[in-house]
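In what follows, a structure is listed as structure tokens, so that the remarks can point back to it.
We call the chains A, B, C and D, going by the order they appear; numbering starts again at 1 in every chain.
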Amino acid sequence: MIIMRKGATEDDIAGVVTDIKSHGLGVDVSKGEIRTVIGIIGDETRISATHLETLPGVKEVRLVETPYKLINREYSALFDGKTESRVVKVGKIRIGGDQPVYIAGPCAIEGKQQLMQIAAEVKGAGAHILRGGVFKPRTSVHSFQGLGSNPDEARQALEWLKEAGEKYNMPVITEIRGESHVELVSEYADILQIGSRNMYDQDLLIAAAKTRKPVLLKRHFGASIEEFLSFAEYIAASGNKNIILCERGIVPVGKGKSYTRYTLDLQAIPVVQKETYLPILVDPSHAAGRRDLIMTMSMASIVAGASGLEIEVHYNAKEAKCDGQQMITAKELAKLIEQCNLLHQNLLLFRKENRAGECIN
Amino acid sequence: MIIMRKGATEDDIAGVVTDIKSHGLGVDVSKGEIRTVIGIIGDETRISATHLETLPGVKEVRLVETPYKLINREYSALFDGKTESRVVKVGKIRIGGDQPVYIAGPCAIEGKQQLMQIAAEVKGAGAHILRGGVFKPRTSVHSFQGLGSNPDEARQALEWLKEAGEKYNMPVITEIRGESHVELVSEYADILQIGSRNMYDQDLLIAAAKTRKPVLLKRHFGASIEEFLSFAEYIAASGNKNIILCERGIVPVGKGKSYTRYTLDLQAIPVVQKETYLPILVDPSHAAGRRDLIMTMSMASIVAGASGLEIEVHYNAKEAKCDGQQMITAKELAKLIEQCNLLHQNLLLFRKENRAGECIN
Amino acid sequence: MIIMRKGATEDDIAGVVTDIKSHGLGVDVSKGEIRTVIGIIGDETRISATHLETLPGVKEVRLVETPYKLINREYSALFDGKTESRVVKVGKIRIGGDQPVYIAGPCAIEGKQQLMQIAAEVKGAGAHILRGGVFKPRTSVHSFQGLGSNPDEARQALEWLKEAGEKYNMPVITEIRGESHVELVSEYADILQIGSRNMYDQDLLIAAAKTRKPVLLKRHFGASIEEFLSFAEYIAASGNKNIILCERGIVPVGKGKSYTRYTLDLQAIPVVQKETYLPILVDPSHAAGRRDLIMTMSMASIVAGASGLEIEVHYNAKEAKCDGQQMITAKELAKLIEQCNLLHQNLLLFRKENRAGECIN
Amino acid sequence: MIIMRKGATEDDIAGVVTDIKSHGLGVDVSKGEIRTVIGIIGDETRISATHLETLPGVKEVRLVETPYKLINREYSALFDGKTESRVVKVGKIRIGGDQPVYIAGPCAIEGKQQLMQIAAEVKGAGAHILRGGVFKPRTSVHSFQGLGSNPDEARQALEWLKEAGEKYNMPVITEIRGESHVELVSEYADILQIGSRNMYDQDLLIAAAKTRKPVLLKRHFGASIEEFLSFAEYIAASGNKNIILCERGIVPVGKGKSYTRYTLDLQAIPVVQKETYLPILVDPSHAAGRRDLIMTMSMASIVAGASGLEIEVHYNAKEAKCDGQQMITAKELAKLIEQCNLLHQNLLLFRKENRAGECIN
């Protein structure tokens, strides 16, 4: 990465670009409000930093760089002088703002009746955004894939979702699993969700980004944080910074039973908040895979600094067509939201008191 | 899974289907040459095996089942009475037949000159199929993404690939990274490759399957063998059993250095061959990420029973735009093919001598 | 496992034992206050549950069993009718009681001056137990191994530790790394700590157990929860149930950077509390490996239900001979304890209000 | 690490040592036949490389170093000018020499009859060294722990092992699980084995090393190669370089079934051979945990360059008190040894032909 001086001219920039290309390398020019940064694409060892630093207009050369820079808090400060966290707005809802945001609803939309009932219940419990899956990414092709597996039912289910959202005054979110879903889903959904298994699908990320809608990206269960952020960068690089990250658990370690479906990585919350300016939520339902841990881990997530939670709710867990064992009821959700908001108030107070950097965090 | 008797009538089958649906469950009917098998989609615990076994035409009920059955060797025997391994034919090349198949070529197509030279060299070294990447799935959006990132260059690169294949009489293989590539690539390529990062992309698998072309599916570096086979099942469930599997390494364990990019799981070869009737290849280049292990691990792969190898070759590793450190030369490839064929002859002889099951394997 | 009836006689028990042995299997007889439970050692498939259930005095046969039963909450109820959580008492300190317990001190004892100063400071900050390493388990034999690597200095360091504990009225804890340390260390320490790398050392666990002192066992960074509890069972099986468990992070997943040394598994807290009656602490210092996450993760740990924290403290992190980058100051510790206690009060209140099982947890 | 010049005097060395200590750091002086190398113990960032290079007698300063240097091939060349691989001699058997070495026998010694019969059989099959477990490291304290769990039976079992070895002219190997076993076992065994679960047990490694007997160290199933070699270094640092390494599988990745107990990492063979001068064996029995993979993976291991194999053998797998499902018969072992020797001849020939570095490996 070559950081140009503030007053560097177009000629200076063109000179650096030409020089890099003459070494058989590609370039990636990012013009920020404050300065221009030039990235090298290809094997950086073919070129000398010392040589680059002699070129006109060059301020500094950093040859080891991060795979994500557009969403990077430090780079953002460098380009545009902006250091604050980003709030993603969806209607009147502000994700990453002062209050935790709760996304709730069924794992899968099973019918209009089911969706309307749950929508009414989660709204009553205090949820802000309604979720409901239409295209379900399952490990087994022989498992229930959502109503989306039938093209007519897909549109029907999305219409119900939109209707439920409008009736109960909640923005709606649903998953896209393939590029071919993007156009249809973006007619109806306010936020496009990309599930854990699809985090690595670069072209799906690009297609979602191009709708300009907010994109909620879940961490793959086998991905490091660096990989997670590198794939979020695909969305930003397609011109869409309305990105909401979501931690939902990673594969357990070791031999023998872990007693949960995944390991919830709560350190990811403060780490992601230091590395990027993007909001990060937690999905405790999929991480635990069992309802008896959801209250505890929701509380811990909020205290760890999460900007909100995504939680699966059903009025009758035994009837749910997928993931029944991790569903909670709306009554339980109401209790959860009340308690999490209380803890969040406490956290805000603590941060305010320690604002002057007296504390380690 | 409900296994019907050989003489079960259409009425018997319809009766079972109706019964299952009355419990709010979905069905998946597979009619083989020998018998019909009915899968239950949804929560099987809602229905009793004892009850199902009383229905007319039902032979046996197995309530715990594998997420992959169409590619399963045991199920295949059950459906169609077929137990032999499948040979995937690409022109005159037989993958999974009596001889190892070698796929070789550059990581990425960088230009016509480069591709033609490497094609000539790998043909001379004994390769059967030419590889060359156009759409490269990279972790960083800022890394070189292949010529495919420019729509005009994508078609141009694919034309060169087809031309090189025709000139040197080799079928050609290249990666598809998103659904939108499938139509274009299938105009030119003889085999569609789905890379490790895209293994979980169900809709990409379905789109690839529908071209009816052979699909080479690489194991994701964080996937268990069960997951690997479950996603291959998505291809088979879309009506395409011309599937070639490929082991290319999984994430290393533990803290500290592993000295290789991935851990090559050679036990996967005999395991996959027992579980399915599909051929499995090995890609030692990506597993090691360093050229000095490629000869050794190629030999070990062949002895472990792999049906062939996919190897990255470049005449000038230092100039390669991606993965230069794992490229070997065509001269080295020739030596590798010669030695692997020798070991394979030895293996055939050993298997022939022990054919009567005298040996543990 | 064969569960005997409440009124089963010695003859009944002897009859079952003889029967099992006649099948070439071993037995493990556990006599609780309520009933006797007989475990089978060896391959249980050699014997039929149906057969065993016909023997006099047998109530029930369960052939799939857990590798830990002495520390298992459910088994404890079965044996002794006890269901409550266990409080481990160390002097006046109660671990697993109503209040969180804070263990603090330097990673390694470097000298008397250093230890005394830190002891005074952490006491002032509100810590209950003083930690200080003498025998340090390091990955590299060439790293600083603690004063314990010199036999004379080992005893000297332990004397300082005891003196500091007495002066500031705190019980003391230090690590044992090998069986040969057990006798010496148990002359001085109130709690014996077994570090993450040594979790699998069965004979070290047994030797520690036999001192009858409380043993703090840290989870190995590659161990599942089932393995963690299975090795804690080695301590209980040697007659010592004064076991304190400690979660300290597991190896991160995936390729690329995780930005923390380990992944802190906070779901382990409620899981371990359901599986066993033992208290579990969290060590956020080693999990993060960086001081800026310690406050946040301490708060999240307490809210997740941890019975306390173990935290590394140094007055001058830059001078610390090991792990300097994760040390906090005593001033920061004071703030941390204050805030964690506040959150714990909140948690107690929440649990009290929801005691009647109205809530999911 | 400070590399001294060849002619550096004792005063030069003392000067460097004094300088390092004045910065509050420890030192580790290694005097080789060619030159002296001084290691820094502690935080190397406190001292400047540029400053150290000005001191008399200093040739070069390398501040980033490996945690293992005594067993490192490159460092060995630096110290002593030795570059060749090390052959560990046990009686007339040469491990790491020109021929593969086969260690075989039962998982656990169950009785004299059983051991004598298996010893006779494996000798007849071509094995060189007899194995038999007395102290079994098991995950569950309630599983069969070997005859060693009874002190009288421990000595008895070891006497049988020695007797069997003498009768059939094979050196014998058995596991030590705790420091307290070392003295007893070293009276009888020719090689001390340290199992996977005990790899991290530094004090056990040190105690084993001090017997001066060859030590076979198995890689922990959660350890990276760097960790594996770092713990082997504990043995070398205690003055014993008769170290035999053994790869036996690492934990599988991902969700779902892997169909084997562990993932066998055969890339570890060439990697370890480049990093160290020590021989490395493979244990395919524990890696697979199922007998039908053992022949295939043994062949692959030899072709990958392993110096031999350790294989569990029993005449009646169903009766075996542990790990029965992975036992093969002596008849199968004979076939395995014959085939592996044939492949090894082929490998030697290939290496001889390519000795001049014509090939990539």
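Observations on the model:
Convention: a contact is a pair of C-beta atoms (placed from the backbone, for glycine too) under 8 Å apart; a residue touches a chain by one contact, two chains touch by 3 or more.
Note that the coordinates shown come from a computational prediction; the quantities given were computed from them, not determined experimentally.
Shared contact partners of chain B and chain D, listed by label, are A, C. Farthest from chain B in terms of Cα centroid separation is C. Work out the mean CA point of chain C and of chain D, and you get 31 Å between them.
Taking the mean of the C-alpha atoms as each chain's centre, chain A and chain C sit 35 Å apart.
Mean C-alpha positions place chain A and chain D at a centre distance of 45 Å. Multi-chain contact residues of chain D, defined as those touching 2 or more other chains: 67, 139, 220-223, 227, 230, 251, 253-256. Contact residues on chain C toward chain B in their complex (touch as defined above): 139, 221-222, 251, 253-256, 261.
The residues of chain C lying in touch with chain A in their complex are 67, 220-227, 230, 250-260, 263-267, 269-271, 274-275, 287-288, 291-297, 299-301, 303-305, 328, 332, 335-336, 339, 342-343, 346-347, 350, 354, 358-361. Interface residues of chain D, counted against chain C in their complex, comprise 24, 26, 28, 39, 41-43, 67-69, 137-144, 177-181, 197-198, 200-204, 206-207, 220-223, 227, 230-231, 233-234, 237, 251, 319, 321, 324.
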